[in-house]
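Take a look at the structures below.
Next, two complexes with chain A in common: one pairs it with chain B, the other with chain C.
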Partner chain A sequence: MSAVVADQHSAQRLVRELPASDAVWCSGLRKRYGRQVAVADVSLTVARGEVLGLLGPNGAGKTSVIKMLLGLVRPDAGEAILLGRPARDPRSRANVGYLPELFRYQHWLTATEVLALHVRLAGADVPAAEQRECLAAVGLARRAGDRVGGFSKGMQQRLGLAVALVARPQLVILDEPTSALDPVGRADIRSLLLSLKNSGVAVLLNSHLIGEVERVCDRVVILDRGCVASSGTLQELLGQRELKLELGGVTGAASERLATAGRLSRTGNTYTVALPADQDATTVPNLVADLVRFGVHVHAVETTRISLEDRLLDILRSGSER
Partner chain B sequence: MSARIPLTVAAMTLREAVRRRVVWAVTAMTVVLLSLSAWGFQRIGAELDTLTSGEARLVASQVLNVVLFGLSLIAALGTTFLAGPSLAGEIESGMALALLARPLRRSDVLLGKWLGLAAFGTTFVTVAGLSQLLIVRITTGYWPPSPMTGLALLATQTTVLLTLALLLATAVSPMASGIVAVGLFGATWIAGVVGGVGESLGNQGVARVGTVSRMLLPTDGLWRGAMQAFQDRGALTQMGAEFDGFPFLSEAPLTLAYLTWVLTWTCVVAAITTMSFARRDL
Partner chain C sequence: MRHPTDGTLRRILDEPAGVADVDREHAADCPVCLAAVCVVHDDAALAAIAFSTSGDVPDVDAAWQRLSQALAGDARGYAAAGSTRPARRLRSVLRRPAVAGFGVAALLTGASVAAAADWLPIFRTERIAPVVLDQDALVQLPDLSAYGELEIVEEVDVRAVADAAAAEEASGLEAPRVDELPQGVIGDPTYRVGEQVSAVFTFSAARAAEAAAEAGETLPPPPPGLDGGRFRLVAGPGVAAVWTEARGVPALIIGRAIAPTGYSSGIPFETAHDYLLSLPGLPLDVANQLRSFSADGTTFPLPLTDPDGDLTTSDVDVDGVPATVLELSGGAVSGVVWVEDDVVTAVAGLLSVDEVLDVARGLG
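Entry: the complex of A and B
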């Protein structure tokens, strides 16, 4: 008997010592609505404490992916795991907060009552004072006792954020969290996201606001036409620099030399070279020296960092050309 | 299975009924109906002195059935038009997204909605029905033979209709679900009247219309059982063969087999609703 108990204890210790699973893991998610393929093949992960940005044009399948993760839409194929449990198990959502793109709450309830309802549905034990703090964190402290029916769109979105955060989630999924907010509200949400990040809460953020994603996300997944077009850390995606050169008298040999430096494009006399992330400090001076040796007239040289917006557009354009 | 989610959702549904003023609208309609019936029964009471005691009971019980039909219609309208927005409306508006992303089963949410609506319908039927019975007792002295059975059958009728309304709400828009449910309720009652006429004429084909409709949607069958419980025991013999097929006269109490069918029907429709809601993409 004691041997069995000892075995159980050692098994429990082994399980405890296992590394924590990802906050989100999904593989091969697929969804079709009638003839329309919304999600063709999406696999992604969000590590614990990581902020992942989901980017892509309208209709790329971002919201459908989020809804499949949350069990709101049934995937045609693929698997998903939230916080170590299969997404089809409702218990997987016990520590998940969600702000939907279409945020509507019971307009016959007060803001306080909406939060209390969600705390009860989540099965969490959150004292009333903490719920009030949550409303205060999104700027709704003074409207706590008002019916939601009288709230503006922006206030409803703030309430939605409080609903997502009230049950002490380990994973927060935000679908366009600032779509109805003014610039001050957007700044507030950014601060809130950064504080979530600092407290180790994983965040999956779907936003059209690239600047917002760039400021708070550790990693980005870009979706296009239901597939992952690109993914990586901001360092990987934005590490590239662009070299713009105003040149005259470019010979065939000079063109070949330019192409060896990186992907080359040309508009008139302006040559643009996308420099690889691993380029060293001598790449640009060496290229310019070689061009001069080939007899090319170098009028201007400018290196710029590729913005996430440029990178996103580049990925989406190259995808549509395929 | 934890009762936390169904009870939370049931409480939310009842609060919705109160806050969205469905309760007040239904109460206002009921007060108007009860006031009119109190005035009418008082006038009838004055006339009853000229009738024999049997005739007086007959008149009171028949008018009572007519008024209670009005009350059952209010209960049907109230619950179905609450069931539609409560489920289909939440899906359509996006309100269901945040709610169903919580760690809960959709079947528990559905059970909670059903419990809340059933509590609303049952409370209404009991309070309004008992008030009506007391009005009749005070004004005419008539007290039905089985009032509790009658009220229980009226409450079951409301529950059956709201079960259908919830099924429709998982598939169509809030307004469509309410209109279709109330339309089917009315159509079944009319089919029951047609069936009664068929029976009185000895036309089995027409009579079958009522039988089939009572099987497809048991609201009319339950209504007839409730009428039987409220009407005077001697009504059938007193009214005679010329009143066969009269829509506010019930010829026989409900059988155990029919009540079993009502239970089976409700369970089957509830199961289909659960499956339909569980498979629905939001």
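Entry: the complex of A and C
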């Protein structure tokens, strides 16, 4: 903290000039169901206009975290603030759109009627034309007058998304928004998320579809066994590159040289070096030149980016080793 | 509306994202909350100074030193927020083994060291006589450099070592060992050692005259031979064992050091002693206390700050050796100091007098 607070005037300026409150802030969230600890200690933030991906294996506590943020589940410990208001204050949810993991809408109503109902429940004033646009945005324009009872699961999920978006939310929380969608539907949702991002709406996206998260999220929080196992921007999490080498005649000295370049693993004649994120352009050529000097036969050299999936598995595996 | 809690106000500084808008709006226009923010800021600044580390492994001892220095030097901010007392109390407790003015006071009695820069003054000779100085008197003590040149020959080098064996190897002294720790003091100690330090002080009548003139006084004529007279000051090595409690404050400190020695070149000590005592800038009561010491260089003064006037001293014996007990803050902090065979030993901590004496008498 570098601000100088010499007197009350400075303190007042400091308070007034605080950065705007985040879309989501939570600290030390904890929830136990009987003997089962669902969430042990989760702290995270979603900045305004940011798309944050929540990743983790089944049972990691993702949905419990979301329910605690939304006041649907009371945390045993910790606290949360949504859009500047404590989460225990129902008004904190006034500008939040939510698509639950398990959704079911009134099957006797049409899509238009479901949307109108939710606009009323939200206490929002959204003209009918805007509601129609919202249905169109999720690909339901032509089914607006049809009863929900006749909708496929994928179409109901699209409708759920429209419900989450219709009251002009500043924060949208989506729990597995593409679980019932086909690949085309998933692509539609991705472009919808990108358009939300462009219009400055913050999104908390819980999905175990890693590719989806990788494509749209600014930042990722990985949960494992109720705790934050890792978090960071995609750049931070995926900045690493991997170097695969097919080598012959590797001496002890050559092995040591390989290990200086990064974390080294070996399968048969294939050596894999996890290169640090800050490596420069000369790292790989210098390594190869040194290996040749050591008399190593270099058959193949390939650099690849570590995928989010690899990274996730790496983090979860190293967590289970602890 | 109710004031936000202390924890919420702290977040304004260290985690603003955790402060709800309604609390921000309240705090921005509430004089009570703004005053509290000022206090929080000062606390945070102090903690940041105290616990900043250059390496990955926090050095609790070093942090404690920085904290005590920061507290000693920081009197502002608390008064504005109306919470003077706790800060002052903590500050005064931590400052107690202060060594400000140490060099000058030590030189005045002929036995000396100028280099006591760490938490434990490295003091000397065969008997310790505490000198109780109030803070104002310490501030008025002239700096040694006002009276001549002080050349550091061997620099202060106090550092942490791995264990008792390493401490003994580095210092050549037996590391303190305690069979039975007082209640509440737990775990293994950390060890610190200090190498021998030495300095040469050359008295300059011209420099002393300038200092006197600045104080609006006239320097009394120095006795023959004192101008240009050299005093060599040697101290250490020393070793300390520190048991730290949960808050990071030392719960128990045991220090041992080869007692410092002062060497005079030519001029008899008594002459220099009387003259130095007469120099302008030395408060009368301090001069009187110093005069009461033996002039043969075997009594060493232990200058202590006592801003709250709640320091008491008394004489005891530790295994037949005369020792001095220091009791501070109504018994919250106690210490005992004695000299035996040219080695000075001090036991101090957040303990009662009985507890430090038990430790002192049971030292291995």
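To be clear about the criterion, the second predicted complex is superposed on the first by the 304 of 322 C-alpha atoms of A that agree within 3 Å, B and C clash if a C-alpha of one lies under 4 Å from a C-alpha of the other, contacts with A are read in each partner's own complex, and residues count from 1 in each chain.
Note that a contact is a pair of C-beta atoms (placed from the backbone, for glycine too) under 8 Å apart; a residue touches a chain by one contact, two chains touch by 3 or more.
These figures come from a predicted structure and were not determined experimentally.
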Item to complete: Name the contact category of A:Ile81: first (chain B only), second (chain C only), both, or neither.
Response: second
Worksheet item: What is the contact status of A:Ser191 with respect to chain B (first) and chain C (second): first, second, both, or neither?
Response: neither
Worksheet item: Which partner, chain B or chain C, touches the larger number of chain A residues?
Response: B
Worksheet item: When the two structures are overlaid on chain A, which partner does A:Ser265 contact: first (chain B), second (chain C), both, or neither?
Response: neither
Discussion item. If we overlay the two complexes on their shared chain A, which of chain B and chain C does A:Leu72 touch? Say first, second, both or neither.
Written reply: first
Discussion item. So in the superposed three-chain picture, is A:Gly160 touching just chain B, just chain C, both, or none of them (first/second/both/neither)?
Written reply: first
Worksheet item: If you stack the two complexes on chain A, which partner ends up touching A:Tyr98: first (chain B), second (chain C), both, or neither?
Response: first
Worksheet item: When the two structures are overlaid on chain A, which partner does A:Leu117 contact: first (chain B), second (chain C), both, or neither?
Response: first
Worksheet entry | chain A positions touched by chain B in one structure and by chain C in the second | none
Discussion item. Residue numbers of chain B touching chain A in their complex, please.
Written reply: 4-5, 8, 12, 15-16, 19-20, 93-95, 97-105, 279, 281-282
Discussion item. Quick check on the complex: what are the chain A residues that touch chain B?
Written reply: 33, 67, 70-74, 90-94, 96, 98-100, 102-106, 108-109, 117-118, 120-123, 160, 163-164
Discussion item. Please output the residues of chain A touching chain C within their complex, sorted ascending.
Written reply: 1, 3, 5-8, 11-12, 14-16, 18-19, 21-22, 25, 27, 45, 79, 81, 84-86
Fill in: Parts of chain C lying in touch with chain A, wherever the complex brings them together
12-22, 24, 27-29, 31, 34-35, 37-38, 41-42, 44-45, 48, 80
